[in-house]
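All chains are identified by letter, namely A, B, C and D, in their written order; residue positions are counted from 1 within each chain.
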Amino acid sequence: MTSRKVYMDHGATTPVREEVLEAMLPFFREHYGNPSSLHAQGRAVRKELENARDIIAGVLGAEPKEIIFTSGGTESNNIVLRGAAKKRGAPGHIITTSIEHHAVFDVCRDLEKEGHQVTYLPVDKYGKVDPQSVRKAIRPDTFIISVMAANNEIGTLQPIEEIGAIAAEHKVLFHTDAVQVVGQLPLNLSKLKADFLSLSAHKFNGPKGVGALFMRKGIRVAPIYIGGGQERKIRPGTENVPAIIGMAKALELAAAEMDEKSRSLTKLRDRLISGLLQIDEVILNGHPDERLPGNVNVSFKHIEGESVLLSLDLQGVAASSGSACSSGSLDPSHVLSAIGLDHPTAHGSIRFSLGYGNNDDDIDYVLEIIPAITDRLRRISPTYKPKAV
Amino acid sequence: MTSRKVYMDHGATTPVREEVLEAMLPFFREHYGNPSSLHAQGRAVRKELENARDIIAGVLGAEPKEIIFTSGGTESNNIVLRGAAKKRGAPGHIITTSIEHHAVFDVCRDLEKEGHQVTYLPVDKYGKVDPQSVRKAIRPDTFIISVMAANNEIGTLQPIEEIGAIAAEHKVLFHTDAVQVVGQLPLNLSKLKADFLSLSAHKFNGPKGVGALFMRKGIRVAPIYIGGGQERKIRPGTENVPAIIGMAKALELAAAEMDEKSRSLTKLRDRLISGLLQIDEVILNGHPDERLPGNVNVSFKHIEGESVLLSLDLQGVAASSGSACSSGSLDPSHVLSAIGLDHPTAHGSIRFSLGYGNNDDDIDYVLEIIPAITDRLRRISPTYKPKAV
Amino acid sequence: MYNEKVVDHFSNPRNVGELENPDAVGETGSFKCGDTMTLYLKVQNDRIEDVSFQTFGCGAAIASSSMLTEMVKGKTLDEAMKITNQDVADELGGLPPLKLHCSNLAADALHDAIEKYRKKQGV
Amino acid sequence: MYNEKVVDHFSNPRNVGELENPDAVGETGSFKCGDTMTLYLKVQNDRIEDVSFQTFGCGAAIASSSMLTEMVKGKTLDEAMKITNQDVADELGGLPPLKLHCSNLAADALHDAIEKYRKKQGV
């Protein structure tokens, strides 16, 4: 239909930057050795692998040995929660929120089946957790608190500094799923009182299938997957060298450009939000400004999200939706329910997630095509009554 | 010292073939979408991902839905063993061998701590498991049998067809760690009575950090890592698309060239073995011919393996060793102990693993330099008494 | 994901909106996935003379609604009662498996309308 | 992995072999990692006049053995007794952490030889 392509689904995944790919290529070709091998080929690779670890640690304000390479955010989260539960052995209590990613939320549900008890803290209408609710939820048998740094759907930033301080005060482990934040906003683990932090490279223009887990010095979980001695036995298996190199490069670039990028994304974001809010019966989901620089999430009342997605897609715009019909499940997102949206409103939510490569023209284009789309779909809708003109 | 480079550590990992890298590149650049996304970008990627699954299933004689993408051999093995144990719930009995890779062996050790009982079957001096010993070990509470298709250190092929038939007869699940066999020798899951099979792409000139698990239709383990709905919820997390595409390409190439490659590798292997056996007090580890086409494992008596490795390395040859001093652990390999080698002999073992790119010149070169190396090291050794000439 | 015919019915849905003075109005809603549909009928001599719809739903739901209205126009009520959700999906050339449940509203709304019409007529 | 000095001592080890009529022979073996070393001493006026070794072991073990023989030649027995495994590793310019235990045999074999020598001398 159109040849224009606008990718606004950076929250789902991002393109690999050319510099990142360039950094990776030699590790498919010349430097293919196994970093555990003793020979020159292996040693050369080991050196670069450790250099990548240094870079990542440096950006995060951590020590190199606190960085464990994993296969992505899902694995990092599972290692922490299952590993902490396994280490504890006896059933205990976990505190998390009602808006975590499935890779935390569903793990907690599964741990409940194994006898652990879990408190899922509510959030306010902006999707924010109250640090005092964390404090109140702590029990003598609470062994870990897991609160995401920013929500992937609605973009709301969480008060992880305060929650980390409360956890430290009560000597409870604190984990933050920072998959949506690393590479987007500054994070300094020399200040943040987190024991564990999860990140995933493909969310910041690095490759898919690789991530990292920060595990603070002196703290250790029981490994779930066992095998060779790699990654301090926390994450065994031949290291995914090219991807790790790519992740380090992507994070290095993101850190160097962070100020400028987050400023420009915030501007684009706010333009898109105010443009969308011009349309009748559109509401913004998430916090008005304490949100990820690239995250825009709105509900178009009287319209189902997937039909908006599809219409956008037919005009070359890639976005995503918390609608049940677009997720393969039948229920709308637990996040949108947690912020109190009724079913039809939750079903009408669309996430535009901006990132590397998006510009003002993209915003113009979306704002240009969206009124006709919503108009058309509302005319089909049984619940929409157009205002008299 | 030398500019000649001979890589004979294909058992540890292999270079990515140029055709494989070419197949991957578009998925870093243009086709970067998340296969779970509904938009055109995501759908295009999903299609290619499913095509990769079809290719892999086709080569293995499986159905596409029986193939689950993982992050490698270690993960595939863990998913099977832990997942089967988790699904069972109550403690039960596992049968495996004393020569499995750590990603099976150490998982079994860990499951013992959780209350399961494990029989580690012995092997003969060639490293072979007797299928009848499997039959005898089966108990009413045996819930899974795990026997590798070929050993990674000494290359011995195992009678997995017979063991699979015995397992099926007793209605016990059967898993085979085929990481060293897939891409090297034919395997047909429409005939082999295996319920699970593990493979890892970087062992057959595919990329690191990706593998697959065959899980037979109708059979399911309990997932350990939980998160999104990807890979039938058995292996959640954003799919490592470029790596999966690369794995399919590498397997397709390996299957097409298998006959010729295994024939030529076998020839090279046998030349290298007989050349090495010309040297005084050298013994072959593993089976004389029922072994991986590229695997050569010998013990140089009176010499410690790492010192041979290092000498080879200084002359440009990359190999590996089951010696404690080269593995970072203090004990020599459990495999070499299991085939009955005494400590000094186990310590003197060297594995040359041949693969794509090796040729007769490489064999000539190794055979040319190795006598001087062993000679020199034996003259340093306190246990070597040169024969009178 | 969707074939061309589905995309066409989604992009250019036929018979959208309310009919004036309809002889019957059928309604259906999938509580689970949240879709709802309203169907308007004009009937003459037990034959569907005109039909229109309004749907809140995904692409599959909208396309199914549109497809159904094309399928029933001119049919007798008895013929129309025989149309199943599967018929609608088939007429669209198939829907993705995960989306089949989203097409389960069009025939339901039609049958609801016809039943209401018959009740009104005292059949 | 190994620095140049280690590689040099490994590739060209000094003082290899048996001495004829040694005044003492020291032995050590790491049961754990399987390395063994034999050290031969010639002593005159409580001073090490000549020394040689034979080692079954990895690169670090061989290099440490060689390095030690260079360090002790000409030293008094008292001075030699003060040499530690760490001194040997330091003199080599350092060893990889995982390999340190492999250097723990050279000084041990030396001390064993000196003790045996002194016992023989009735000290």
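Assume contacts are C-beta pairs under 8 Å (C-beta built on N, C-alpha and C of every residue); 3 or more make two chains touch, one makes a residue touch a chain.
In this text, all values refer to a predicted model and were calculated from it rather than measured experimentally.
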For chain D, the least number of touch steps when starting out from chain A: 2
Mean-CA-position distance for chain C and chain B (Å): 57
Where chain A and chain B are represented by their mean Cα positions, the distance between them in whole Å: 34
Whole-Å separation of chain centres (CA-atom averages), chain B against chain D: 40
For chain B, residues contacting two or more additional chains: 38, 306, 310, 326, 328
Category of the chain touch graph - line, ring, star, complete, other: line
Pairs of chains satisfying the touch condition: A-B, A-C, B-D
Residue ranges of chain A in contact with chain B within the complex: 5, 7, 9, 12-16, 18, 21, 25, 28-29, 32-34, 36-42, 71-75, 77-78, 82, 101-103, 106-107, 109-110, 200, 202, 207-210, 224-229, 236-243, 306, 309-310, 312-313, 316-321, 326, 328-329
Footprint of chain C on chain A - complex, ascending: 302-307, 310-311, 314, 323-326, 328, 330-332, 343-344, 347, 377, 379-383
Contact footprint of chain B on chain D as seen in their complex: 2, 7, 10-11, 13, 16-17, 32-38, 53-62, 98-99, 101-102
